[in-house]
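Note that the chains take the letters A, B, C and D in the order they are written out, and that residue 1 is the start of every chain.
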Amino acid sequence: MVKVAVVGASGYTGVELLRILYCHPEVAVTCVTSEQSAGKRISEVFPTLRGRCDLVLENLEPVRIAERAELIFTALPHKAAMEVVPTFLELKRTVIDLSADYRLHDAAEYGKWYEPHMNPELLPKAVYGLPELRRDKIAKARLVANPGCYPTSIILGVAPLLKKRLIDPASIIADSKSGVSGAGRSAKVDNLYCEVNDGFKAYGVGGVHRHIPEIEQELSELAGERLVISFTPHLVPMDRGIFSTIYATPLKKATTEQLVKLYETFYHGEPFVRVLPVGQVPSTAHVRGSNFCDIGITVDQRTGRVIVVSAIDNLVKGASGQAVQNMNLTCGFPENMGLEGLALFP
Amino acid sequence: MVKVAVVGASGYTGVELLRILYCHPEVAVTCVTSEQSAGKRISEVFPTLRGRCDLVLENLEPVRIAERAELIFTALPHKAAMEVVPTFLELKRTVIDLSADYRLHDAAEYGKWYEPHMNPELLPKAVYGLPELRRDKIAKARLVANPGCYPTSIILGVAPLLKKRLIDPASIIADSKSGVSGAGRSAKVDNLYCEVNDGFKAYGVGGVHRHIPEIEQELSELAGERLVISFTPHLVPMDRGIFSTIYATPLKKATTEQLVKLYETFYHGEPFVRVLPVGQVPSTAHVRGSNFCDIGITVDQRTGRVIVVSAIDNLVKGASGQAVQNMNLTCGFPENMGLEGLALFP
Amino acid sequence: MVKVAVVGASGYTGVELLRILYCHPEVAVTCVTSEQSAGKRISEVFPTLRGRCDLVLENLEPVRIAERAELIFTALPHKAAMEVVPTFLELKRTVIDLSADYRLHDAAEYGKWYEPHMNPELLPKAVYGLPELRRDKIAKARLVANPGCYPTSIILGVAPLLKKRLIDPASIIADSKSGVSGAGRSAKVDNLYCEVNDGFKAYGVGGVHRHIPEIEQELSELAGERLVISFTPHLVPMDRGIFSTIYATPLKKATTEQLVKLYETFYHGEPFVRVLPVGQVPSTAHVRGSNFCDIGITVDQRTGRVIVVSAIDNLVKGASGQAVQNMNLTCGFPENMGLEGLALFP
Amino acid sequence: MVKVAVVGASGYTGVELLRILYCHPEVAVTCVTSEQSAGKRISEVFPTLRGRCDLVLENLEPVRIAERAELIFTALPHKAAMEVVPTFLELKRTVIDLSADYRLHDAAEYGKWYEPHMNPELLPKAVYGLPELRRDKIAKARLVANPGCYPTSIILGVAPLLKKRLIDPASIIADSKSGVSGAGRSAKVDNLYCEVNDGFKAYGVGGVHRHIPEIEQELSELAGERLVISFTPHLVPMDRGIFSTIYATPLKKATTEQLVKLYETFYHGEPFVRVLPVGQVPSTAHVRGSNFCDIGITVDQRTGRVIVVSAIDNLVKGASGQAVQNMNLTCGFPENMGLEGLALFP
């Protein structure tokens, strides 16, 4: 039984962590924090938890939290995370950080897309927490940088092709679509029901979204060379889900059947990646609430391009579920413990 | 470990049963049937199950099914259920029937609202499966008539008031609202996305919905006298959820505080009923995917009426979750086994 | 051609006014105001208007506005309206006020539900702007108090029954359901997409919603006696629409057919009220974007109660469309001018 | 005043035609047909029309229809259209065909994607009805092939770049997203509310969608050379809207500012194309119910690619609105007559 704190529990990734951890047989959540709602019960903020998890939200005092928890999930905005993570590490706690603060290896790159990094010396110690690519390192990590939602869907989608040198690294275009929970729970006109419902739009067009350096870092490592990608995020009127449609130009000819086989081999034994048979296409509705990443691969005979489509639940495999998967690895639990729930459909 | 069959697995209550049973530690699903999709894998029909439950759908041959299952969930339309349930019972199998076929004690009443009953002799043996009111009988039952979704939300909402003789039995008005999954998965223009989305309507206005005799049977038993109710169902553009707003005239004066206390006492220890504190109001969003029934009670000072509001997930507490709760009772498992999952929010 | 100002143009009723007025052949919008967005073009705030209405939003300076407009729509929150309306009236401008500030005849009642009234002397001069009941007075009014959305749906729904003394005035229960645009456009967590989507809830349960005094004032006048009602508002995950389900106890027996006929007679010639044939039920989807109020009537044979269901678009007949209808009356235009657009379906 | 028939009036493009035509000052709809609902009033099928358009739906008997209408909109599935269009033409009627049957110039190409063409001799006489590119020809046409929804959004989006030889014709990737009304109104499980809501998916991946030959025909003509494109359609949980995100590789370097200027010049004076200022991105919510096509252009500095995003309402500019625009041209009415309505927001 591991004692766990959820720091930043009043956001959507926070409540999703609690939903998952509540059913995890080896976890006791001992502490939840929220600056805005300190003093309230978490079940007042999220009535879904009523009668199951009625902890009182506390202010974020790292030392007091570390006294009661061995492992800390930091579900904070970027910058807020790097203000407290060093203390947790000094106090010998394991940290799974869901923010962007420790995902980039290069502090200068972080500075370019976000702001100056406050503790760049920690970056080399952080492990980018995508278990399918870095399972062993995560198991030994004290600081896991939990991947972003868009990056998870794109990296898992394109990893086999890059690793096997089957596509031109300069040709990758990722057209991604996200549910609204990805925008968080803060009160903004743009995220009001009536602004979002029954509409579809792009945002951050033209290579300006902050997930780009993270995607490129990981894809470059897979490709063995520095690459840049085109990435366009879109907003879908739905609560959860990321869907990425990825286009690339093959370096050698291959059929859909061959590529599906390649993916099946690459992801063989993975508990949370499902490679779809030829002709099937994923849907975010089929992974809603689950930790799966569903992937479909097709070769367009007419243009020669490869098209990969991937679907995840942004709050599960794209955030809190993956964080628990990383926790399982760092704690030596079975990797799928507490994450076996099937998607809610409809 | 109990071997279980799901008959009629290609509908929404069928897939919901499988979602829940897949995580139940004492159940092995050995058999799934579907007339329309026999021969296909269930995971082709519901890709959410892919890699977890890949059973092949079979035709509905009761004897062959009974050979492989000790307990059968019949998730069939009314009439189709009563064509096969007798065979299962003859073969000494336990049946949890999710249709309307065994809910009414009175075959004549069934005939009035549905059609002539094919095996009225079974009606006295069937137990109406609302655990909160009839736990002991269910535990001994061989045929459990799993309640309808609207009835569950209304009966649980009003039971304490009727049982304690606090309201005029003739005064009950239940204005209920349902998500679209309640209409099932058959291809009808009325249930197309574009017909339902961004709209709200009533249907079956004027006391003609088939859930009425079931509600009145149970409420009359609680009241100790025959009563009739006004019941109006509505369709909400959402996947899941039943919300009932129930109005009644008190027989003696009581405050909101007193009634909330009464409900807390009445439902004390119930694993799946949450009585909300004074001033709080349930939402279907807070029970989505869970087996909870959330209830709020208010006295309108100006008119004197009592207003009870209740929220359930129609596919869980209103169907498949309650069916598993009933299975737990008939099998002697802890009542909440496999049903502890928290609601998915957002 | 009448010159018109829209004060408070950056909310949903504001943009809806502009949408309707833009197609009105006798109106020129000369002035739009918004405290928050003053200096921006209205088409930056609402890109739907781009290329059609590109006026610059101004601060609310009544004298400067009155110089350029003969008629002013005040689409402001309550209290903000009564701070400026007197000035417009002093300057001999006609005002159609969409707030609650001039709807109640009784300043004390206003004080009880809102706050002390700042200009109670204007209340006797204001005309409650429901054309179906008060067409002639509106035509002569200088200050029209445009009705609330819930009141419009309930008053039109029940007026014939009360007027003809067919129901017990003490028996009225109105269970109403609203789309989210009724909550306005301010940034609140409660109205975020993920908080509202795929859920249904009641709010203001127990006779506490501020539309109650307005409804009771009008229904009492129709009934010829003081009455109180039970009113419960609910939130539906959709942009637009109010649906009211109204229950009442008849004073004398009548069939559905008789009551439908009564309604047809009562509303004969009304351009925007459609009484549905026996057996048909309105849907908010069928009035979306239009100025119609659709009404269905049914007698429940079993309980004897009358059930009236009515559907409007809260932003059109429930706000801006009705405001234009009132403008037409005060200006002597045909009442349906600019309001003939059919509902958008799907 | 032109007498008009709507053939195939019981689908979504049919009712949208009626909504628009009802407000058109120079049109009288004299005849509506539907094989499924013949004998019913159109307002029974679409209650939005109640009290405004109560014509009785007839069977499709071309000669009888031609007697009463000068211009016929055929809103039929492909194949059904080419069974009746020749008769209308023989009878000297003007036809605006909303199906795919007369969009392709090459009967062999039609045969490859659909089935053998029944009257290939008519193809050279049909004019592809995209007014922005072919206004003069449409004005003289007797048979207008109204463009598909995806093609409209893509062709308008990329026309200026191809026409000006600014992009590599082989580099075009169109990632398009559609609302559900594009799938029509037939009863299919795939289009049920619960199958679509709160999910996002691709379909027809890999260059197999039937709109491809139409898009390539028009883009090839613009480019002056034969080109092929990658096109992936997706399904968005919303009623209306097409959003296309189009990627291309420039042949010469250009800034976002230069390209926005180019588009403004190209579409100068167009009544229904709005080129957005630098940095703004369209949304389908901002064109909902209107005949606009909103276009945004961005150069991705990092990859050098041009990204064009376009948004239309698939039922208006993508179908019925464009059909009325074409009717206006063939009848010599002002092109924007009856099409000036602003988008419904929210």
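Convention: a residue touches a chain if its C-beta (ideal position, glycine included) is under 8 Å from a C-beta of that chain, and two chains touch if they have at least 3 such contacts.
Keep in mind that this is a model prediction, so the values were computed, not measured.
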item: Most distant chain from subunit D by Cα centroid; value: B
item: C-D compared against A-D, more contacting pairs; value: A-D
item: For subunit A paired with subunit C, centre-to-centre distance based on mean C-alpha positions, whole Å; value: 45
item: Between subunit A and subunit D, centroid-to-centroid distance (C-alpha), Å; value: 38
item: Subunit C and subunit D: spacing of chain centres that average the CA atoms, whole Å; value: 36
item: For subunit B, residues that touch 2 or more chains besides their own; value: 12, 181, 194-195, 197-198, 237-240, 282-283, 286, 288, 346
item: Of subunit C, residues touching subunit B in the complex; value: 173, 175, 177, 179, 194-195, 197-203, 205-207, 212, 228-230, 232, 234, 236-241, 243, 245, 247, 256, 281-286, 288, 296, 298-303, 305, 307, 309, 311, 346
item: Touching residues (chain side subunit D, partner subunit C) in the complex; value: 12, 15, 18-19, 22-23, 46-53, 181, 197-198, 239-240, 274, 276, 280, 282-283, 286-290, 292, 294, 340-346
item: For the subunit A and subunit C complex, residues of the former touching the latter; value: 12, 180-181, 185-189, 191-198, 237-239
